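Presented below are the structures under discussion, each in the form of structure tokens.
You will see two complexes here that share subunit A, one where it goes with subunit B and one where it goes with subunit C.
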Partner chain A sequence: MLGDIGTLVLQGAMISAIYALIAIGFTMIFGVGGILNLAHGALIMAGAYIFGILVRETTVSWIALHPAIAFPVTVVAVAVLSWGLYQVLVRWVEDNVVITFLATVVVAVASTELVIYLFGDTPMGMTLISGALNLEPFGINARPRYVQFAGFVVSWIAIGLLWFYITKTDDGRSILAASMSERGAQLTGVDLHSVRAKTWLIAGALAGIAGIFLGSTGSATPLMWLNPLALAFIIVVIGGIGSIKGSVVAAYFIGFLEQFTVTFVGQGFRGILSLVVLAIFLLYLPQGLYGREFVHD
Partner chain B sequence: MTDTILDIQDLNVYYGKSHALQGVSLSIEQGEIYGVIGPNGAGKTTMLNAVAGFIDYEGTIRYDGTDLSTVSGREIVESGLIYCTENRDLFPFFSVHENLLMGAQFRDDRDAVQDDLDMVYDLFPRLDERREQEAETMSGGEQQMLAVGRALMSDPEVLMLDEPTLGLAPVIIEDIGEALTTLNEEEGLTILLAEQNSTFALRHADRLSLIETGEIELAGTHEEFHDNEYVREAYVGVH
Partner chain C sequence: MISTILLLGTILSTVPGRIEDVAGSVRRNVLLPIGQTLDRLLAPVDRALQPVADGYNRRLGTYFGEMTGLQFALIFGALIALLTAGLWAPLVSGSLLRTLALASIWAIFAMSWDIQSGYTGYISFGHSVLSAAAGYTTALLLVHVNPELSLWITAPISVLAALVLGLLIALPSLRLEGPYFSLITFVAVLLFYRLTTAFTSLGGIPGFSSPDVFTWDPTMRYYYMLVPMLLIALALTFMARSNLGMILVAIRENESAVSAAGINPTKFKIWSFALSSIPMGIGGVLLVGFTGNVDPHTFVIVDNSIEMIAMAVIGGMSSILGPLGGAFLFEFLNHEVLHGFSTPVRYLFLWGLVLLVLVFARDGLFRMIWHRLGAVRGENE
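On to the complex of A and B.
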């Protein structure tokens, strides 16, 4: 029993950290531009595949990079990809909510086809950090992998940097301001397009990090964008659409809930409880836990 | 000889098929308070929105000699043409102080920003008392003061105010009017005031225009407006 709780806490904290990264990017893009980016999962998938290609010797032997180099390269690549998606496609259609919605769906679906075309549908494994910690001497029947610890630490570093940026720098505060009032931001001289482009860049970087950890704790597959996208939706609704704090809190809530279900109920029920919670929130607290702090008007 | 700071020539705005502004021309001179009065829907806000670059228009708008269609929103703000909208557009979950600082976000001279902060808090003691309060939780009058304060933090040459008295109690309207007079007389601020509240506009403006259904019906000095029969009967309500 004690061992189970230990496992639950460890695994829950580590998976939640990744969920938080996924949800923050999704909620920022909605909070500032009012756009539901259904290609958010595809960017996470891009992170996993780009990292996989860079570190695996079997894909292209001469570019096999050390993971410590491949990691930042991947994050930058996905950030630029996300920024490019906004500049090339989304910004031209963003005034029409339905077209924007459909455009991001098309990108998401096309990403699966592209991945199958390029890499086939066999899962691609990859290694960021190998090895695991043996906790049995401490009475905890779990062997958390070092990569999971790394995910937890990197997630909090990223969240900390983001928090500093949007609350302490003029540049970042203009993002927060634009999420509260776009017209207000314009009145003080903020260029909305550049603010939105920045949120896509940031969301892309966070998606890249999440993709690397999802890929290296599991593997990269052509449909791996679906689950993170669904999670982002659930977490963002529970946390309050547009709220960064809400996303972090709800990510941990959902992460622990899933882990609780896996530990005490069974692997097959992993997603069910989250959906039940989502339904309860939609019915009784549709604005979410912190649905006021970061709201698009 | 006075200097024209804001020059609007033959301004036309269309909303679909409706011709919202029909060849409006206005010249605002440096240091004056210029009032634009007229009924709801006449086109006052449309005119200000065009000057701020928020909507497409035909015609020429020059500010300090520069054609505004060639500059970005940020350049307009940095050159000192600041707009205070009718619904204020504050940042609801920022504090009073944070809202004010947002107005100065592109200014580099820290000392000048601090001086302007002191000036705003001095001008509106209610804001000083509520520095840490979130904008959302304040009364309409306080929000209007904050909107003007935020605009002042952008170091304006010309302040465009849309309906600053709308929905406010008479005592608050008086405070706002007093602040505008102070700013105009002591800081040399040029003010373009769009108001349905003709009494307020007449009391403070040096020159005025009357806009009805997208056209300027009448333009003149404070005295001319004050003595005009039509204005008195239709807009001021004194006979």
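On to the complex of A and C.
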């Protein structure tokens, strides 16, 4: 029993860290542009596959990079991909919420077909850091892998950097301003278009990191965008749309909840409890934990 | 790295201007003359057909919308073509009847999605749940109650199940505004999918293969799908052109104005969802009769919901007949034109097409053609 709780805390904390990365990018884009980016999961998938191609020797033998080099390359690549998605597609349709919605979801579905076309149906495995820690001597019945620890640490570094950028630099504060009141930001000389593009860049980078860790803790599959997207939805609604703090808190809440279900109820019920929690939040607290009512301006 | 990004940025920012220039000259020098020539050729035809259309307009125009001569010819021609497809389709291609039958089922889905999401602007990502409810009800009745149950018993119960599930989703979620509704419907699909895989009594991934197909004869099968589709199209067009449709569009355009006019928008949104659940259920029953198998892949997965949205978008949202045309175009491209390619390539092409329509022709292809046909004589209503 005690061992179970130890496992729960350990695994829960590590999985929640990744969830936080998934959700922050999603909530930032929603907060600034009012755009629900349903292709966010596709960007996460892109991160996993790009990293997989770069580090694996079997796909393209001459570019088998060391994971430490492949990591930043992947993050930059996904960030540019996300930025490109905004510049090429979303900015032309963002005036109509419904069209943006549909366009991004079509991108997500198309990404699955592209991945199947390029890499086939079979899951692609990859390693960031190999090895695992044996905790049996300490009475905890788990073998957390080093890559999970790395995920936890990287997640908090990324959150810390983002927090610093958003609250301490002028550049970042313009993002915050745009998410609070677009008109107010415009009146103080913020270029909304470039702020939005910047948000997509940052969200892409975070999605890339999340993708790398999802890919290297499990494997990359053509349908792997679906679950992170659903998680991002759930976390963002619970945390409050547009609130970064809320996303982190809700990510940990959902992460532990899922781990609890897996440990004590069964693997098959993994997502069901969080979906129920989501439904309760939508009905009774739709603005979320740290959300605010939308200001009509 | 930073400088490359900046360079890329400057290049990209000059591109749109140039694209607009090119598009403008193409429009002036190519599209406009073609359009004018077509207008000149078609105007006499339109004028010649006008008396026939007027006859229709006098009797039925108030219920289903008025048409010009060419529009009437298009609808009438398409109807004749569909009704006689049993005779001519086998001559064109061996698989065409199957494609048309499948397209009829998907047309039902796309139209049902349209009366709810296209008209009210509340986008549902979970319409496949409704058809799945009907399909699974049929399968469960056959497996657990009596494998000999006739279609006359299972079909109404299945449609009722779709309606009940639709109300179950609609009642709480349609009070929510904007994207939250879409989120709930999206979650509903995922939840349904998880349930089918978590509980073995729901068949798991392989699903149920016990329901029988309606018939093995391709011609009969086609008419089994076509006739309900046409009746549903007729009924939904009638509703969409009535005051109900007007209120639904008003909800999409300005919900607070609808409330201010003393109309309860939530009530009408729930109505439209119920109105959409019933044909979804019928479509689900037909899909069981078409495939003879009820499993998550054919019925539940999110891709199904996205596919019906794609059809509605290609054809033109909020027009009922647009999604109908969109479904036939989508399935025709998918199973006939792109037949030789592998599945991922086909779908990549189709999704690309949907994106192009979303960016460049938001009103959809069929609505565009329809309005163009209506204006060949230069009248703009």
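Keep this in mind: the second predicted complex is superposed on the first by the 292 of 297 C-alpha atoms of A that agree within 3 Å, B and C clash if a C-alpha of one lies under 4 Å from a C-alpha of the other, contacts with A are read in each partner's own complex, and residues count from 1 in each chain.
Simple rule for what comes next: contacts are C-beta pairs under 8 Å (C-beta built on N, C-alpha and C of every residue); 3 or more make two chains touch, one makes a residue touch a chain.
Computed from a predicted structure; not experimentally measured.
Once the two complexes are overlaid on the shared chain, A:Gly271 sits against subunit C while remaining clear of subunit B. In the superposition on chain A, A:Trp92 makes contact with subunit C only, while subunit B stays out of contact range.
When the two complexes are overlaid on their common chain A, residue A:Asp4 makes contact with neither subunit B nor subunit C. A simple residue count on subunit A separates subunit B from subunit C, and the partner touching more is C.
On subunit A, the surface touched by subunit B in one complex and the surface touched by subunit C in the other have no residue in common. On the side of subunit A, the complex with subunit C involves touching residues 36, 76, 80, 87, 89, 92-93, 96-99, 101-103, 105-107, 109-110, 112-114, 116-117, 226, 230, 233-234, 237, 268-272, 275, 278-279, 282-283, 286. Those residues of subunit A lying in contact with subunit B across their complex are 170, 173-174, 176-177, 180-181, 183-184, 186-191, 292-294. Touching subunit A in their complex are the following residues of subunit C: 1, 5, 12, 121, 123, 125, 172-173, 176, 178-180, 182-184, 186-187, 190-191, 194-195, 197-198, 302-303, 306, 309-310, 313, 342-345, 347-348, 351-352, 354-355, 358-359, 362. Chain contact summary for the complex, subunit B toward subunit A: residues 52, 54, 72-74, 76-78, 82-85, 89-94, 98, 102-103, 105-106, 150-151, 154.
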